[in-house]
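Next come the structures, one after another.
One chain, subunit A, links the two complexes that follow: it is found with subunit B in the first and with subunit C in the second.
Moving on to the complex of A and B:
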């Protein structure tokens, strides 16, 4: 079939080599465009530093330890806020999925919350919690909570009733029913919610740090802009991209390894 | 009905349950279904009678097949015995104890296997063993015994999706046995399997039943299966669901399909199904 549409790769590389190749090609293209824009003075040089200048800034920030400190602060915020949001989301999601009364009470609230862009909460978060850690934790937890509670509720609703009957026929005590059956059976959906929640939390983290923070990567970006260090601004943007990809990969790995190791899609060996 | 099967001649033979005085039945082992009916309201609020009065006694260690066309209420009756469905009237006793909920030592095997996909074969069995307050060493011994019983040595650490349908159902049977149930309730357990696997598993179920002598109530829509397995076949019919005939079988096992008695009995059950 491949020949008929004119694609015939005589040498087949493994998929990851192919992916790596396209990734490198895309990176090279971006670098070339970027360098070209700097070379033709698309914008004044001090507003658009070239790749070399950004790399130098990156080196300086890394060696001085400032980049590490900012990363540490941001990641600590993200992880704590996410953990709070995820814990509340999973618990309430399970209750919603199991008890129609709880769903009737919470579903309208969740529906309302999910239509509000998380950034819109920033003014209230500052008024309620100041610009300290609490406001960031609130925003991140809220942002993570919404997709996770929705996914958990859906996952619990979709549990095969026969599986629940099987568990009930084994006289499973209710606490083991929760942790040993319901939570596990809903896990594929919960995992989807966790990944989506993480991505959204990452976005709100940067937004919150840019508007209301005195530390973290978002703050680093804003301060660099205010003092005209556009090399650091670009460095920050690129660094956030890498950090987002890396943390998502870590989360995906942890989910596949510890939460869904039994799941068909996560076991390549047997497929 | 020229060649009357041996079973039909013994149709009048009473089971032990039927001979026992009423007050003793409460202590009796086995299953007693008394005056059970089930009706429910449909979408237009009209009462639908799913089961008209059912009275049935199943002796301890007996293998009973419930057979009937769809809508005859055989699965509803099994679900009432299991405690998943509450009867509108009447009651069910298992070993003298009134059925009020699932569990209480009623092992279930479902058509869809219903294994916990996040647990391995032995994990599923151990999950059930954990309800019995046994120490870890005893649980391990019992789990290994059950794995041996169902012939899955070497597959202990496989997850359900790595096992064939027949293997999954073996694990499900072992899991149901792991709670050391008083009765084993099986809801078309071989319905989702291919012909060859079904044949093998019928033999396996008979072997396991012979080894453990659990009371088995087995829902099926296959005449061949019922004739091969049961001590008694309870034929049900629809509109409303009721027992239309009870056919005891005394043909010794294994009941080969080449046996003329078996063939005659199959015809008889088929005729009873209408």
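Moving on to the complex of A and C:
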């Protein structure tokens, strides 16, 4: 459709200049809409501060170091939970993919887990683990676990049997079989699962942190709401959005660099 | 081992055996108090509880049906609003490269915002009633559906378009008879993902300031130390999420009889 409609600007400008231009235009559009909403008193001004007020709040939170501390706590929490969920997910996924008996036993549980939205686990997580750190980690780990175990199982199940037979006929020892053949062949699927798991656990992070907020970005949001600092609420929402995009880019880079570096066309696979 | 003999059985009967085995294991462990019956009430208790919820209700006599209707109503309205806005806008964005350049980054950012983090803001703006919950669902589902719709239109097989053009089809005809049908499967995927996000969001949103709805039910049950009710409520959310998703599949089958879903 590019040939028929629209302006093809890439002839005159390098693509990144063009992208930068449209990014700036999009930002300007959002800022204008936001300012207009403030101007027409869409809601009382203290409930919707303008862009300048939010930026000022951002500056204050950043300079005071509070934003950094909250970010550190939230990210540490997210990474720990994600690591637990990913480790269990990959191991169980491989077992399910390799042994039909394991798949038969675990498939109903995985199917059940995927139908229940992760945030619906909040009350049960509190019953099981209390309101401390453990219940938050449980929620994050569970959220990451589900797409990762499903993707790993799918990846291992689809390994070309010829690969396995070839490796066996070459007398590859079983531990090398796991790292050199099974994990590698299933890696594109596992990578997809890891990225989806990360995005989902990021999306529920604030929900997990609302359980009894003590620290972290979720806590920052809740406290700001309770004291009526909506500039900080909006700051927190936008900051989380930026952080989500940034960490997803980092994860994508790490996967391409360390897990799929040998895989041709891996960029396309993980997109 | 009993499991080994199931190897030759079909997948379906294998799952039935697996489910039965898990339930039996759970029941026995809970009865023998290997599992704390408060933390993990046995399945038989959950059945009784489910019946109690249907006939008597909890809390204040709000029956399970009442909770389901409340949750389902919020989800369907919010999801409907999101779909009604996101599908036409997504088609426009996917069809016109200039719009895509302008709105692509906004859509990416909107999708990256954790919907739950917007809850405090919406509660402040629209009150703690129905409005904030419905709008939160609409907000969350909107970005997902518009993402899938835009890419569905953008990535229509160029071969199809060239074929249609070489047969002298007009732009209008191409749009109606080629682009839309080719985009429909992915739009439906977007709707399904959007629906699952809607259920994710409502489960948390209902834990704030309401007594009606499945999210409220499981939260209320926790504060009254009724783990059994919490578990039944969670299962109910899972079941209605599953059923509405299947309903979308049926609708997709009706609208696209030529299309075979991949999984």
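Side notes on the structure shown:
One rule holds for everything that comes next: the second predicted complex is superposed on the first by the 248 of 271 C-alpha atoms of A that agree within 3 Å, B and C clash if a C-alpha of one lies under 4 Å from a C-alpha of the other, contacts with A are read in each partner's own complex, and residues count from 1 in each chain.
Going forward, contacts are C-beta pairs under 8 Å (C-beta built on N, C-alpha and C of every residue); 3 or more make two chains touch, one makes a residue touch a chain.
Everything numeric here is computed off the predicted structure, so don't read it as measured data.
By the document's definition of touching, of the two partners only subunit C reaches A:100; subunit B does not. When the two structures are aligned on the shared chain, A:244 is found in touch with subunit C, with no touch to subunit B. After overlaying the two complexes on the shared chain, residue contacts for A:180 are found with subunit B alone; subunit C is out of touch.
Judged by the touch definition given at the top, the superposed model places A:62 against neither subunit B nor subunit C. By the document's definition of touching, of the two partners only subunit B reaches A:163; subunit C does not. In the superposition on chain A, A:203 makes contact with subunit C only, not with subunit B. Annotation for subunit A, partner touching more residues between subunit B and subunit C: C.
Annotation: subunit A has no residue touching subunit B in one complex and subunit C in the other.
Across the complex, subunit B is touched by residues 160, 162-163, 165-173, 176, 180-181, 184-185, 187, 262-264, 267, 270 of subunit A. Of all residues in subunit C, only 3-4, 6-7, 11, 14-15, 17-19, 21-22, 39, 95-98, 101-106, 108-109, 112-118, 120-121, 123-125, 154, 156, 161, 171, 196, 199-201, 203-204, 207, 214-215, 218-219, 221-222, 227, 230-231, 233-235, 237-239, 241-242 touch subunit A in the complex they form.
Note for the complex: subunit A touches subunit C at residues 1-2, 4-8, 18-19, 22-23, 25-26, 29-30, 43, 47-48, 100-101, 104-105, 107-109, 112, 115-124, 126-128, 202-207, 210, 218, 221-222, 224-225, 230, 233-234, 236-238, 240-242, 244-245, 248. Residues 82, 84, 101-108, 110, 112, 114-119, 127-128, 130-131, 159, 161-162, 172, 175-176, 179 of subunit B touch subunit A in their complex.
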